[in-house]
Every structure is written in structure tokens, then in C-alpha cells.
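Shared between the two complexes below is subunit A, which pairs with subunit B and subunit C, respectively.
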Partner chain A sequence: MANIQDRIDQSEKLSMEIVKESPDDRLMTLSVGPQHPGSGHFRFTIKLDGDYIVFCDPDPGYVHRGEEKMCEYRNFIQNIPHLERPVIHDSNNITYSYSLAVEELVGIQVPRRGQFIRAIASELNRQVYTLYWLAIYGIFLGHSTMFMWPTGDRELFIDLLDALTGARVTHAFNIPGGVRNDVPNGFKDRCLRNIAYFEKRLKEYEDIFYNNPLLRQRTEGVGILTKEDAIKLGVTGSVLRASGIPFDVRKAEPYDVYNEIDFKVQYMKTCDSFARSYVPLLDMKESCHIMRQLLDKMPDSGEVRAKLQPNPKGPPGEAYRRVESGRGALGYYIVSDGTPKAYRVKISVGSFRNILALPHLLIGAKLADMPSIYWGLNYWPVEADR
Partner chain B sequence: MSEDSNKNKSGDTNTSQSSISSSSSPSKPAAANSPNTNISSSTPVTKASPSTPPSKTPATTTSVAKKEPEPPLFEKELVSQISSQLGDKVKVSYIRPLRIKIYVDPVNIVEVASFLRDSMAFDHAESVAGTDYPKENQIEVVYHLGSYSRVDLGAHILVLATRTNRDDARLPTLINVYKSVEYHERETFEMLGVYFEGHPRNERFLLPEDWADIPPLRKEFRIKGR
Partner chain C sequence: MATAPKDFRFGNFVGSLIWLIFWILIIVALAGLPVIFIILFYVPLPPINGEVLTPYLFLSMVVDPTRTLPIIKFLIHTDIFRIAVFPGFTFAALLAAATIFIERKFLAKMQLRVGPLYAGKIEGILQLAADGLKLISKEIIVPSEADKPIFWLAPIAFVATAAALAALVPVAPGWVAADLDVGLLAVFAILGFFPLIALLFSWASNSKYPFIGGIRALHQMIAFEIPFILSALSVVILAGSLNLTDIALAQQPFWFILFLPISAFVFYISSLAELERIPFDLPEAESEIVAGWLTETSGMIYGLIQLGTYLKLYVLAALFVILFLGGWAGPQIFPQEIIPGYTGVKIYNPTTVNAIFWFTLKTFGMIMLILLPRGINPRIRIDILLHTGWYKLIVLTFINAFIALALIYGGILGPGGVLTQ
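The block that comes next holds the complex of A and B.
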């Protein structure tokens, strides 16, 4: 007997933290991630009582790169390529608000055509990100078609961004003062063609995915985040809009040319996991309208960026600017001491704000609902870690 | 925050800090933010403006047009609402379009934050950022507060700032007022070593589990090779 007990003890020691079950309490501790493909580079520990989750502790930081510290060593322009790294699929938006903040600090007026081009690039990039997110959301609810289709349709917008910026994923396109280069010939027609095709595809997404009874059963009424809780937790982006709050930075605090664009903030009042998956689709639809208007209203000629000094610097001061990214409000708080380098840069990202809702939603939910709740939060681990 | 690592770093620190200070000798960033000066943001702007405009092309840059000291009416009204209620407890640092920054003492911060939440409808925190000012031996912590419940405040950010001593950095937590600061404060603790009294978990969050150095966003922490 003693022999067997020894072996059990030994195996318990060996099992480390992956799955631990102690005889005293009936709870099982389960570590999700960081290697699990479903969690991304993110780990959270949950405790299970039977099928129900009774404890959840997020543990981000596996891809922490010290972006904020690095910003203090480089000048404002040099920061752009590495600031894209936290979310390469949405690289135009994460540099957009950085550019806005630096422009406010340095005092740069962006030419009108440049404002339109970067708004278009940011809309295109938001589609790319949202499609990528939708693909992963689909595959983790066991819907492999929904993985293939958005991944393929992403190419529509990646091609356009490739033509516009010269790079497929990390563009380094926005700079303080405008954008790096002008649009290529025939860009507008290409855009309109791809958008028209994409809108047809969105209908097919609804048919095959959102109207799928299996998806509905797995998401409807799951993970309710009430309006009050959403405000209290300070979530943002599609998570917030799925809880019945029509807040979008493009509408609330229009930057650049967004105050000339006519669009509606898409939101739902059901507050469940289905709403959190459906609001991004509505956003993509609305984004198509926005892009059409941007392309129409863009001036035919003009400068695309302001002339800058080699090392732009402004008076000492601070700025906080934000844009609406694929994951919600994305803000930069930059303190300048009057040198060409930032004294302090704080990146406030939607992902980091949204994980606060994870324990809130998971505790009390079933383990089987975990994928839809977790991915519904529109969480991008790399961005949250910065 | 071990002393050993402090000592090890000190050689680096001196050289690097002198390089920073030499480039930024004329004016200090923190001077603009110091809590003792009322509406101080306008002073550095006007001071620096003579040096900046001639060096840039006038057609493309409007250097100070945005930060003209005349604040918009709506923001002014918000500030007067705050200061009529709280009096000396808040010091207004700047009022700009859509942005208001106020300073409070650490002892009053919970009371001020509660007032902002309950009476002004600033219902969530977007970000909490700490900034290290070694020359003044202080750390500044700013809360960017926003509002979802009042539509007309959607574009506004109220910057609630406070300062603490750098050697014994302690602040009362705002977690009981704003639940949304929970992870942000935890991040500020590990990155700047500001202990939030009353916060349930002043613990490592993003850094590696075996992190044994000083908080990395303090200025004496240098990236290797830089």
C-alpha cells in the first residue's frame, strides 16, 4: 500500500500545475494557456466545481515587451515600427492615436488628403483585424468554415493595404504629420470593387455562422454582462456596445475627418456572448459605408503629410489621444519634456481593459462556455501585454 | 526593489541621466505638471513658442494655436462645478478642449474620485499611468477618467493626478470607487513600485515571475546597451 501511495505522491509532484486535484476539496484547478492554442499567449487559472467555474485568475504577461519603456529611448518617429508589434493585424490603428498625440504635442497640422488616407487605411486595417478575430472565434466554437472564410476574405483588404503601403501586415504607414505615401493609381476602384464583394460575403457569414442553431445555442444567453457592469468594469469596443452602450470613439470624439462622415454606432442590447460576436459583424458592415464615404470625399490632390523637422519636438507638456481600434478605444498618454524623445508613454489598450470582465463573466459559467466568453471579449494578448 | 540592484545600476544611471538632462536643460517637464502652480500649462507653451515656430515651415505647422489659454466654456463650467464643491482640495492644472487635469493630494483622492463618479458621472477609468520624476523625488500617478453614462461627456477625459514620494511610494487605491482601475493599478505597482494601500493584490502582473530587479519604468532602470 505504501508503495502505491508513494507513487501517487510522486506523480502529483510531477503533474506540476497543469491539472491538480487535491482530495481535501472537490475543486479542480485548471491552467488554460499559455501554450493552449485557444488562449493565445495568455494564461488564466480556473477552478472547477464539476462543470462550473468557481474561480478565475488571469495571468497575462507572456508577451510583455516593454513597449512603453522602449518609447523613452527613441525619438517620436523611430517609435512607430516597434509600436505596431503589439497588434500587427491592426497596425494602422495602434500608430494612429500615437500620431495624433504626437501631433498635438509638437503642433503639427495634417493636410486634409493625408487625414483621409489614414482614415481609409485605419478602416481597412480594422476589417483585417476583425476578420482575423472572427476566424479564431469561429474555429474555437468548432466551426471550421468560419475559420477558412474570413481568413481568405482578409486578403481582400490585405491586398489593398499592400498596394497602399507596400507591406501586407506591418505597414508603419501612419507617421506624425500624415501618412508615408500617396494612394496608388486606381486605388479607389479597387477599393470599391473589394468592398462590394465583401458586403456580399458578409451576408453569407450570417447565413452559415450567425444563423447556425449550434452557434446560437452556445452563445445566446451565455455570459451576460449587464450595462451597469460594463460601465463599472470600464470595458470598451464591441464588448461595451454589445452591452447596450452606443459608445464609439469615432462618434464620441471624432478625430481627423470622422465628423464629416455619416454613420451609426452599431450596438445590441442582449448583453450576451452572441451580441459580442455579432457586433463586430455589424461594425464591419458599417465600416464599408464609412470607407465609401471616405473615398468619395477624399480630395483628388494635395499633400499627404506635413513637412517635419528631422527630429520633431514640442514644448513640454502632455497629451492623451485615442482612436477606435478593432478592440475599442486605444489611447496614448504621452508626456514630453521638450526633447525629441518622449518622457513617458502609456498605451491604454482595449484588450487590457477588457480582461477585467473575464473573471466577472467566467465565475459561475460552465467550462463549455469558456471559449465563447473568452473570445467574445475581443482580447488580443499581445496588445494587452504591450 | 532590492538595494543591490540599485547599486549595480547606479553607475549606468549617472551617465545616462546626465545625457538626458543635458539635452533638456532649459526647461523641466515636471514643472508644467507640478501641483503647486495653478493653470501652469500655459506658461511652458508661451515660453517655448518663440523657439519653435521659425524652425518649422509656417504653412504646415500651427505650433500653439491649439493650446491657447482661453479654455472652452463647457470645460470651464465643469471645472467650476468641481471646484465649487471641493474647494481647495483640487488644483486645476490645465483646461483644454475635451481635457481637464486636476491635482489632488493623496489624502483627498478617494473623496474627490467619489464626487467625480457620483456627481459628475465620470464612471470609469480608461487608464492609470505613473510617471517617475527623479529630480523632484516624486512619482505622479494619473487616472484618465471617462464617462459612458453621460453622452455629452463622451468626448471628455478628466485627468485626475496625484503625487507621492519616490522613496516610499504609497497611495490609497481607487478600486472601491472605480472597479476598472484594478489591473491598471496592479500594473503601476509592478512597473513603478507604487504601493496602493487597500488594493487586494499589489503583485506581479505582466513581468516575469522571477523578476528581481527594480521596477522597470523608474528612470534609473536602463535597458541594456542603451
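The block that comes next holds the complex of A and C.
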């Protein structure tokens, strides 16, 4: 970072010598987003010195919907449909930790079969989200095939979720007390078939995208986020694992049935943009193993949903539960005052933690590295704004 | 507001075709013929083959091929026809457009899509025409702070420069709009205009993203101009001429790609960079700089630049075919006479038609080869691109230039060489 400071100093010194050129003339300010094809519902201002970025100011908040405040006006069950709006592609995970926290508050136990179905739905949705993310990563780097393939293969899991929950994207499947309905007939076979096909496709992804020398040239050694910086900035999820820290909420704080599942936490030690793009692929592979085990161990029959009174309420108190979502740890902090409505709901999302690393990584990078660094942070603007 | 097309019925299709032909005949008979006759009566036309074009002669021409063919032959040897229609503008644009349609379907299959499907009933064959019509109907938005004369001038200059390039390319012996002795040099001279136009346009649009795109275009084209010219240098050494027809004729027994594979590779990579195709589409890098130097284009301004790009695509593919793939050389597959035993007037020249066929086929393949890296490659970064252009490709071209010189001085190729026909 030192040479960047030198650059700014140099440019200022230069401007003293040349009267006509002020520092503003030398630096070009670009507003990237919200109407930029490479930004999403998000804006960040960058300043360029030639091809180098010397300043970056993220400006989220374009899709703020007041989800936390809305939670205070609805009872615990009514909250489910609007809470999944921030990440419709990962809707089972964003409602998972909410359900866990509410169950802790109300004091109910989810039936064992319900726990398994929840975990299966969560893993399926993780695949859907990660494929969507990967598709956008591909098109951000100008690789149109890598946009089409994951968006097409997403259908494998969307079909399964459709059969399971009745909706393609916004499922409203996890509710406090269990899941809405049982699995349909023949779901296990269908699931295993799709997973087997998908694992073959993942190899093809590696061949066409990750092993491409042009991609390696572009992303290796770019946007280094060291282990210390990653911990200091508080990033989570695949970004943290790409910086060499094997942290996964499913392993660190196992919830529901994850302590019965045998899986590895995939991480890489290169800390660069390539690692941040490759770790989600490793996660998808691992997720396939987890899904197989879940399907094997799931009890054949039983309740999927605990009986609840119509307007559930618990004693006054507070609860914090988190799960591993597609973007990292996703936690809910709920304070209850003994009424059926929450007194305060705080959503802690992975996206917002990850975007804090953006200025740190972009300053000193080249303009052409902006898409790979930005989208490699596994950031979902709508979720960060909540 | 139905978006799905109706079911295709062959009967309806034939019926509508007959209906169309009927109306064309009526309109021609009622309006066209009187107009032609008025022109023939009152406007003095130059004599063709010693005969003055009168209404009587015109009618006799319609029914007698021995009289029609000389007129057609006269017309297709005029300069305006050559520049506007056959070896020039229309042929180039149509060939490039047809290839782009096939490339779109091919890429779609590769990416597990269906590609264009609705326009033109048969597999979306008229998709490009539909795109063009849409662009014509769009409003042209000029930024309020833009330098307006240059903003309007640059797209027209772009397509005019590309059309000038297309006029230099021979498709068969004698079939070229402008047969220059320094044809290859002229091609490179005209190619040098494109970065200027891109920079002018990006500067004139007075916006930040186009400016970055224009500077990138300038960097990229200058970095690849030198390996581009140097790779053609070894061909000139072997052929001993700068005339494109002579270069194509010089490789009759053996195509130059056999002796100059490295030059051919460099030429191919440089053409990708010249055409701003993926992986070298930096000046239009969408996720970085919106649409690069084309950000402020809209409506037909964008359409004209796309048309110019298609023409440039055709020219560079055709140039590769002429320099390395033997031009129009290929086995004679067209028969000497269409109808055996027909001894009337000679309808076509089988040698020329054969040459045009092979040339078109090879150019088609080359355009596909230039377009297809789009399916498998991401975009390259500007520093890697400059490094590739200035360090690697220039060195490679020098290697092959020395090989070419060795072939000449070793008496293998060139005048009196072992392999020369």
C-alpha cells in the first residue's frame, strides 16, 4: 500500500509544479453503479490514477426495505415470507436461522425428520445461490459460456426445490417448528440422480473456466486479502475460507443435524481473487456429499413439524442463532418482550461484512481487476441493504 | 400481445408467397413498365455493344438470352457494381452477416441454449435483419455536451473506412474493385484509421467511460499493428509482391501456411485484437467500463458501427485467406457446362465461379474461427495484452520472417525455386 501513498503524494507534488494541473485533473472520479452493468443494486465511487484505483468509497443502501422494522409489526409466523425477499436465491438459508432463533425463544423442539428436510432444503438452496453467483462471476469476466452453463444447471436444483416446496424461488419453507410439508414420493431418487449429473458438470466447469490460462492470468495474485486482514475486517463465508481460515458455521457451531454429517471445510491458502472464485466451487462439491449423507440418514417416517399454538409466543428473552448461508455466517438476534411480536430483530448478513473489504482490496488494483475483486467478495447487494 | 408465433403451416406459407407474387406482378405491370418506357423514350442512353437501347430492344432482351447476357455482363463490369455489390460492400456485409447468424446458433448449442428462434420462421434466420430494423427505428440520443459534428461524423467515417477496405479484397482473378500494386500496403494504411476514429468518437462523446474505452482501443490497436504488419512481411518476402492477386497466385502449389505457421498464428491473434473480439474486447469491456467507446452510441449510430465491424471482420478473414490459405485455390468442382450438349451462349465462367466458391467457403471458415473463441475465453487484462503484443508476437514474427528469407535464399521458394511451379 505504500507505493499508492507515494503515487498520491507524487501527483500532488506534480500539481504544485505544473500550475495548470490540479490533483483533480490527474485523478478521474468514476461513479460505478447503480446503473453500471458491473455493479448490481449498489454504487461505489472510485478514483483512478491512470489505470490504478487510488480511492474507493462503497455506497450501499439503494434497496433498503426495512426488513428489521417490518419484523416488529408481524408475528413470528407472518415474518417468514418477507424475510426471504433480501436473497430470493438463498431463501431457505435466510429463513433457517430465523426459525432456529424463534424456536429457541418459544421453546419448541423440531422433529428429527423435519430437521433433515430443513438441512436438505438448505443445501439445495446453497447450490442454487452459488450457481447464480458463479454465472454472474463468469459474465463479469467476459466469459459468456460460464454465464449460460450455471444458469442452466441451476434448474436441476430449482426443480427439486419446486417438487419439495411448491415454489421455484421464494419457498417460505422453513417455519418455526419445522418445515411446511413432507417430501414428495420418489424425491430421494430424483435428488440422487440430479446430484450425480451435477458432479459431472462441475468437472466441465473446471475445464472450461477455472483451468483457462487467461482466467488464471487475470485472477491469480490479484486482490490479496491476507489471513490477518481477513480476520481484522471480519469477512465471512467463502471469502474467509479463501484467505486460508477453515471456518464454517456448520462445522464450528453445528446446528440441527450437521453434527452427524461427515464433511470437510474446504479452504485455500492463496488468498487471491482466484481462490475466492474457486472456493465456492469446492463448497458445491462438498455440498453434494453432504446431501447424499442427509438423504441416507433421513428417517423414513415421522412428523416434520411440531405442533404450535396459532400465535406462538415465548417468555421475555433474547436469542441469537446463525447458520452458514451461501455468503457466510447469517445470524438473527431476536429480542422478545413476551408478546407474539418481536421487540427487535437484527439480521447479521454475510454480504455486508464482506463488502467492508472492498476498499481495502480495490485501492492499488487495476481498473480491469475491479469486476473480479468486487464480485469475488460474494456480495449480494439486496441482502446487505436488508 | 401474444409473443409465441403461430404454428407454421406450409399451405399458408405457399399461399402468402403466391399472393405476394401476384401483387408484385400487378404493380410492375401497372407502374413499373410505363416508367421504364418513359425513361427509354425520353432519356438518351449510351449505346451498348453498338446498339441503342430502345423499348423494342428492351422487350426483345427480356425474351432472348443472347441479347440479355451482354447487357448484364456490361453492367457487372462497371465500377459502381463492383464497389457497391459484388466483391465490395454488399457481398462483404452479407457474408459476414450470414456467418454471424451461424455463429450465433453454434454458440447457442455450445452454451446449451437455442439461440435466435422466431424472426423469419425458420430458426430465426432473419434475426440480424430484425436487429437492424430495430436499430433504425430507435431514437438517436446525442449527449448534450458532445462535440456534435465529430459525434455524427465518426460512425459514418467508420463504416466508410471499412467499405474502402472491402473494395481492396480480390475474390477471384480480376474480381476486385480496386486492383492496386500496393494492395497489402493500402490495407494496412486504411486499417490505421480505425483507432483514430475510435479515439475521435470517444473524445467527442465527452463522457468518462467512452474516454477510457477510446484510450484502450488506441493502446490495443497500436500494440497489435506492428506484429500484424510484420506477420504479413514474411508473406511478401515469399510472394515477392504487394499486389493481393499476385500473392494469392504465388501460392498455387503450396499454401503459405505450410511455410509460415507462426506468422499465420500471429496474424490470427492480431486480427482478433484489431476486431476487438473476445478475449480482446477490452475497449468494449462491459463489466468494467459499461460499453467502452460505444457507451454513448444509440440507434443507427450503433448500427453503423456494427456494420463497419462486420465489414472489417470480413476483410480480415479474407486477408488471412489470401495471405496464407491460397486465396481462391481449390479443386474444380463446377462443370464446364450446366446442360450437357448446350451450345448456345456461354452462361457462366466455370473457373471464376469455382474461385469465388472456394474463396467464400474459406472466408466463411475463417470468420467462424475468429468468432468462436468467444465461447471459451474470458476477457484478457490490458497489461497482459500489451505484454503479449509488444514482447511475444513481435519476436515470433521475426522468427518467421527469417525462415521466409532462408527459404528464398536457399532456393526453395521464390523465382526459380525447387517448389515453385
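The rule is short, and it goes like this: the second predicted complex is superposed on the first by the 361 of 386 C-alpha atoms of A that agree within 3 Å, B and C clash if a C-alpha of one lies under 4 Å from a C-alpha of the other, contacts with A are read in each partner's own complex, and residues count from 1 in each chain.
In this text, a residue touches a chain if its C-beta (ideal position, glycine included) is under 8 Å from a C-beta of that chain, and two chains touch if they have at least 3 such contacts.
Every value quoted in this text rests on a predicted model; they were computed, and no experiment measured them.
Check whether A:353 is in contact with subunit B, with subunit C, with both or with neither, and answer first, second, both or neither.
first
Let me test your reading of the model: by the given contact rule, A:339 touches which partner, first (subunit B), second (subunit C), both or neither?
A:339 sits against subunit B, while subunit C stays out of touch.
In the overlaid three-chain picture, which partner chain does A:307 touch, first (subunit B) or second (subunit C), both, or neither?
first
Contacts for A:240 in the overlay, against subunit B (first) and subunit C (second): which applies, first, second, both or neither?
After superposition on chain A, A:240 lies in contact with subunit B alone.
Looking at the overlay, does A:215 come into contact with subunit B only (first), subunit C only (second), both, or neither?
The second partner, subunit C, only.
Could you look at A:142 and tell me whether it touches subunit B, subunit C, both or neither (first, second, both, neither)?
second
More subunit A residues touched by subunit B or by subunit C?
B
Would you mind listing the overlap between the subunit B footprint and the subunit C footprint on subunit A?
Dual-contact residues (subunit A): none.
What residues of subunit C sit close enough to touch subunit A in their complex?
That would be residues 107, 110-113, 208-209, 212, 278-279, 281-282, 285-291, 374-384 of subunit C.
Help me check something: in the complex, which residues belonging to subunit B touch subunit A?
Interface residues on the subunit B side: 20, 23-24, 26-33, 41, 44-45, 47-49, 52, 55-57, 60-67, 98-99, 123-127, 129, 131-132, 142, 144, 148-149, 154-155, 157, 159, 178-180, 182-184, 187, 191, 204-208, 216-217, 221, 223, 226.
What residues on subunit A touch subunit C, complex-wise?
For subunit A paired with subunit C, touching residues are 28, 30, 36-38, 51, 138-146, 148-149, 152, 208-209, 212, 214-215, 217-218, 366-371.
Tell me, which parts of subunit A touch subunit B in their complex?
The touching residues are 60-61, 64, 66, 68-70, 73, 104, 106-109, 111, 177, 230-234, 236, 240, 245, 247, 251-253, 303, 306-309, 314-318, 320, 322, 329, 331, 333, 335-339, 343-344, 346, 348, 352-353, 355-356, 385-386.
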